[in-house]
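Two complexes are shown next, each including chain A; its partner changes from chain B in the first to chain C in the second.
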Partner chain A sequence: MQKQGYWGYIFTLPFVVNVVVFLLFPIVFSTYISFTEWDLFNAPRWIGLDNWVRVLNKHEFWVSIRNVFVFALIFVPIQTIMAFVIAFMLNQAIRAKGLFRLFYFLPVVTPWIAGGVVWVWMFNYQYGVINWALESMGLDPVKWIDSSNWLMVISSIAIVQVWKGVGQSMIMILAGMQNVPKEVLEASQIDGANGWKQLTKVVFPMVTPMVYLVMILSTISAFQAFDVFLGLFGSITTGIPERNMVPNLLVYRDAFLLFKMGPASATAWLLFVIILVFTLFQKYFEKKWVHYD
Partner chain B sequence: MSKKFSAISLMLAFMMIFSACSSSGGSTDGEASPDQSTDNKEKVTLKIGLPGSYEVTSKEIIDGFITSHPHIKVEIQEAPWGDFTSKIATQIAGNTMPDVWFQENATILSYGQRGVAEDLSSYIEADLKADEYIDGLFSAKAPDGKVWGVPHGINPIALAYNQDVFEKAGVAVPTDDWTYNDLIEASKALTVKEGDRTSQFGFIGSFSITNGWFPWIKQAGGSALDDTLTKSRFDDPKTATGLQQLYDGLDQGYFADIDFLKANGGELEVFASGKAAMYFLQYSLQVNMNESFADTNWDVVKIPKGVDGKRYVPMVANTWLVSSRAKQESKDAAWEFLKYYLSDEVQDMIVKTGSTLPVKKSALDQLKDSTTKPLNKAAFTDGIDEGGVTLDENATWSEWRILVQQVVNEIMVGNVSVEDGVKDIHTKVQEVLDSSK
Partner chain C sequence: MTKTTHPLLKVLMYLLLIVGSVFMVFPFIWMLSTSLKTVGAISQMPPQLIPNPMNWDNYVTIWNKIDFGRYTMNSFFIVSIEMVGSLVSSAFVAFGLAMFTFRLRGLIYMIMLATLMIPSQVTMIPTYFIWKEFGALNSYYPLIVPSFLGGAFGIFLMHQFIKSLPKELYESATIDGCSPPGIFFKIYLPLCKPALAALGVFTFMGAWNNTLGPLIYLQDKELYTLPLGLLYLKSENVNQALLMAGAVITTLPVVMVYLFAQKQFVQGIASTGMKG
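Let's look at the complex of A and B:
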């Protein structure tokens, strides 16, 4: 018994070291430096709650929180619904199914740099393909990412994030759908369920755990949005307008461009609290619609 | 016993794996020293950080230093330009930074304030003759007299013009006597509209700092900061006038705007293809022009004079710094490297690369005989001699510059008026300047 325990410690040691060094230590250390003034070079100086107060008093922080909330509220439902619908369609007996799956998954493996360039061009106010299409239909062009209306900009970026992420979510839900027993579907068909009823009364309830997982992961990725903003705006130094900021951009700017680790850590912790509350909120409603049996 | 031995072996294996992972990632030893037999104990190791690797700093220079300094073992730490900033930040935090590296001059100034950089004033005084160099040698000099680095090179701007476009339009090409009004009027004359669309613009209305908003506010008599670099001057009406002129050019359609530039491949592509007749070109971009657009018929003149008849030539510098935490022997080796870098031999190499202007006067003189485009390189060299200005760089430049750029972008796309924009900028910039006191 003792010998077994001995080997257990040995084999888990690398993972324990990994957790301590790369998870626990950063958590504890970032908490500590959020109460200090630290420029990465000189020793941290304890300043109490100053960073927290300063961050919470900054207009740009609240703007970034507003943006990321709206971003999540637009992105998560659209991504989840689209992923579900596409997965359902690709789960049917259709031709070139593999090709369609590849088509929807392609954006997932496309680097943000390349995707950003393409979307920037598509969103171009005067010369972009989207406005060209609108104008062809007699509609006015839209300032998708240059608009003074922050909601328009955040919505446009959320759509790009859906383009990038829907493939991954679709694969997860598709995996869930493929686990739905054929017998169940056949039985429902015999009982007179049409396609819509099968989808809503049989398939959906059985894949709700996957849908729930997709929602949780999408929510976290929405609150951690960073690449999509940099991909579309270029870089922080080129001047992303304050009204379009999200918390992770502020964290990156403060930590690595301005060497203000204290405010960066405080912002990161505040973001963590928000994600936690949002996830707990989703968890609270989990039992009402997610079926694990 | 054998199980204990196995367990110890396993742990040793893990330790070896971890230690292998933690070896100096991204760093490579320089070319082997020609004298490998030299006793390593006597060798000083010098870690040189190269953002942009050998695409920015010629390998010939590093190899030359290794060959001529056999007692110094050179270790190169390189990273793509964009990644270097993050990498060096974490290296500084972990106290594993190189002994000498270069970054934007403004960043070096902030390093100086934080104690990262060694004051080089005594080294310069002892080993260099200041009159052999242009003023740019002291780009990293702080108001208190400390010098936090020496230039990797200077990059001023000049007014580039596409000769074919001017000839076709029958407009006289720019001269060194031009004012900004001449530039505006010529831009109007050179703009070609086809229906609702513009097929050719007079000038590229960039609104980044170096070749965009900064020269425009300087020519109008304004500035970003005052002479002490502690007060914002965005409340100065002259500053607003400069921004307004740039905005008018974009709004009224005789300056190419950001949409046009993005849709047509960027500033260089637009200029080289003749879709814009003029452009404030940074010296280093001549390399790209010659590589990618060798057939374009173009040249440069000094950027136009301001309203007060003076010329203001914005120049950016990348600056070498020596880590204040390096061992004294490594600091000395780093200074050996910088002296080598500032020597005639290397400054001549820099001239040949064309990627930046050297700071040694003798090397600059060689540019007069250059036969590559642009032929009139004196527009750059005489330009900085006549009116070279930094971008009002101080220790908080990185912070206030982002804030300014955020609002300038909004002004130039028409989301915010110049009047409201400069008020906003002034408040924000002054707040940053005050917070650093």
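Let's look at the complex of A and C:
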């Protein structure tokens, strides 16, 4: 490392500006706003804890928290297990690996809105291809994202989120699997480990750090879900039914449709606290199952 | 890997992989198929997989109705500038962190890691306010300027890479009379290509698929990006065939880029797990 320290400051200057302008100031300012009544144009008016109390007393806030928890609870396990299983299979001696990888990764690069409109069309109650398939198997058609049952709506959206994200998780786990040394696998085979034993006792423990990373990243993205809702509901208006709400939709609606910056900031901070608690929770259980060398 | 996979097990694996692939690819097939249907064929039951007749006019109609040509150019414009900005600035800052000892180095490094945890919805409203005060709403500045200031993820990636390069490079260049910026631009930046490719992939995907940013900052239709154009088309209540034609137009460019740079995409994603 070099001694001319001032060059260090010159090179890191852009990032320092970035942190001060787009991070420190916003953090302080957004905390302040959460204690005020502000419409973005007139001067903010201090109202103390009112926003926080109001947000926490609103039914829709708790509905949005329930929804995002259920959303994460459906999405994260399905995505992680599916990504692991596909990665494991693509790590075997099979044909057309490149083609499969291409197929699974295609939704990852697809813009959300494009993915959203086609899923809405496939979910269509009357003319949707999914209900047509159900009916031709003799089953009843299902209301998917138009359902009046919130659990149905949230599950349907979680499935679309899996479609979009599983490829990325799969590639990450696959990279972890390819780092498992061949010698280790051969040694375990000589010791008489069959395929299943090898998977559970050798491969899985060695990729747990990557599986853990995938889980953390998908949990955070689940709690921050916004694009999937934008993609599926289209232009987001004030009229999204309360039963389908998630916190980030509330933040967006309050801030940019209703110009109520106070409640929006309070909601954003509450969401941050929830994500933080959940990440620490996962971190606490990390040492119980994640193996580092 | 294992040479002793049972043939039956192998059949099962192919079966699972194919079922999974159908789940992944069918929406694209359906998008394409619907985009070529006539109004009558859209709601026809049972639905046609291969439309008969093929109604290519949908693309002409949609191209005339929505300025997708302009939106494609806008998207490419924003994405290219963001990529240049984020690649150069991330490497620039990372070089400073990796090469020099200075008092606040540790602090800056720590803040960089901490920024990875701050969710964007917390900073979104004040950031919007900043751009409003600068009079930069309804312009590309809010989308592209921050990319020139180095992002935490990019700096982290580049820092790991620069640290792995031999130290002698820097010393011999100093002896040859090169200044630190010269050393960065002439020697280190070109050497960072593999890491830059990985970071480029992330920046590309992030910028191309960004909807929230353009949604809150861009009001004029001439400034729209492709996803915003599609969102606008959706709000116009056009028929499904036209909407799907729009979706195909929005998806095609990014899929083409992906097909050409598949290796970089896969390596880029795989490298995220290598951190720490």
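Everything that follows uses one rule, which is that the second predicted complex is superposed on the first by the 289 of 293 C-alpha atoms of A that agree within 3 Å, B and C clash if a C-alpha of one lies under 4 Å from a C-alpha of the other, contacts with A are read in each partner's own complex, and residues count from 1 in each chain.
The working rule: a contact is a pair of C-beta atoms (placed from the backbone, for glycine too) under 8 Å apart; a residue touches a chain by one contact, two chains touch by 3 or more.
If you're wondering where the values come from, they're calculated on a predicted model, not measured in any experiment.
Enquirer: Label the relationship between chain B and chain C on chain A in the superposed model as either fit or clash.
Expert: On the superposed model, which is not a single observed complex, chain B and chain C clash.
Enquirer: On chain A, which partner's contacts cover more residues, chain B's or chain C's?
Expert: Comparing chain B with chain C, the partner touching more chain A residues is C.
Enquirer: Looking at the overlay, what does A:W119 touch: chain B (first), chain C (second), both, or neither?
Expert: second
Enquirer: In the superposed arrangement, does A:P241 touch chain B (first), chain C (second), both or neither?
Expert: So A:P241 only meets chain B here.
Enquirer: Scan A:I10 for contacts with chain B and chain C and give back first, second, both or neither.
Expert: Both partners.
Enquirer: Is A:L258 in contact with chain B, with chain C, with both, or with neither (first, second, both, neither)?
Expert: In the superposition, A:L258 touches chain B alone.
Enquirer: Let me test your reading of the model: by the given contact rule, A:L40 touches which partner, first (chain B), second (chain C), both or neither?
Expert: After superposition on chain A, A:L40 lies in contact with both partners, chain B and chain C.
Enquirer: Regarding the shared-chain residue A:G48, is it in contact with chain B (first), chain C (second), both, or neither?
Expert: neither
Enquirer: First (chain B), second (chain C), both or neither: which does A:D146 touch?
Expert: first
Enquirer: Going by the contact rule set out at the top, does A:W132 touch chain B (first), chain C (second), both, or neither?
Expert: second
Enquirer: Can you list the residues of chain A that touch chain B in one structure and chain C in the other?
Expert: In the superposed arrangement, which is not itself an observed complex, chain A uses residues 3, 6-7, 10, 14, 40, 121, 126-127, 255-256 for both chain B and chain C.
Enquirer: State the interface residues of chain A toward chain B in the complex, per the touch definition above.
Expert: 3, 6-7, 10, 13-14, 39-42, 120-121, 124-128, 143, 146-148, 236-242, 253, 255-259
Enquirer: So in the complex, which bits of chain B are touching chain A?
Expert: Those residues of chain B that touch chain A are 3, 7, 10-11, 14, 85-86, 89-90, 92-93, 110, 114-116, 208, 257, 259-260, 262-264, 398-399, 401-402, 404-410, 413, 415-416.
Enquirer: So in the complex, which bits of chain C are touching chain A?
Expert: 1-6, 9-10, 13-14, 16-17, 20-21, 23-25, 27-28, 30-31, 34, 42-43, 45-47, 89, 92-93, 95-105, 108, 111-112, 115, 117-130, 132, 146, 148-151, 155, 170, 180, 184, 205, 208-209, 211-212, 215-216, 226-227, 230-231, 234-235, 240, 243-244, 246-248, 250-251, 254-255, 257-259, 262, 265-266, 269-274
Enquirer: In the complex formed with chain C, which residues of chain A make contact?
Expert: So the residues of chain A in touch with chain C come to 1-12, 14-19, 21-23, 25-27, 29-30, 33, 40, 82, 85-86, 89-94, 100-115, 117-119, 121-122, 126-127, 129, 132, 136, 163, 166-168, 171-172, 174-176, 182, 185, 189, 195, 198, 209-210, 213, 220, 224, 226-227, 230-231, 234-235, 248, 251-252, 255-256, 261, 264-265, 268-269, 271-272, 275-276, 279.
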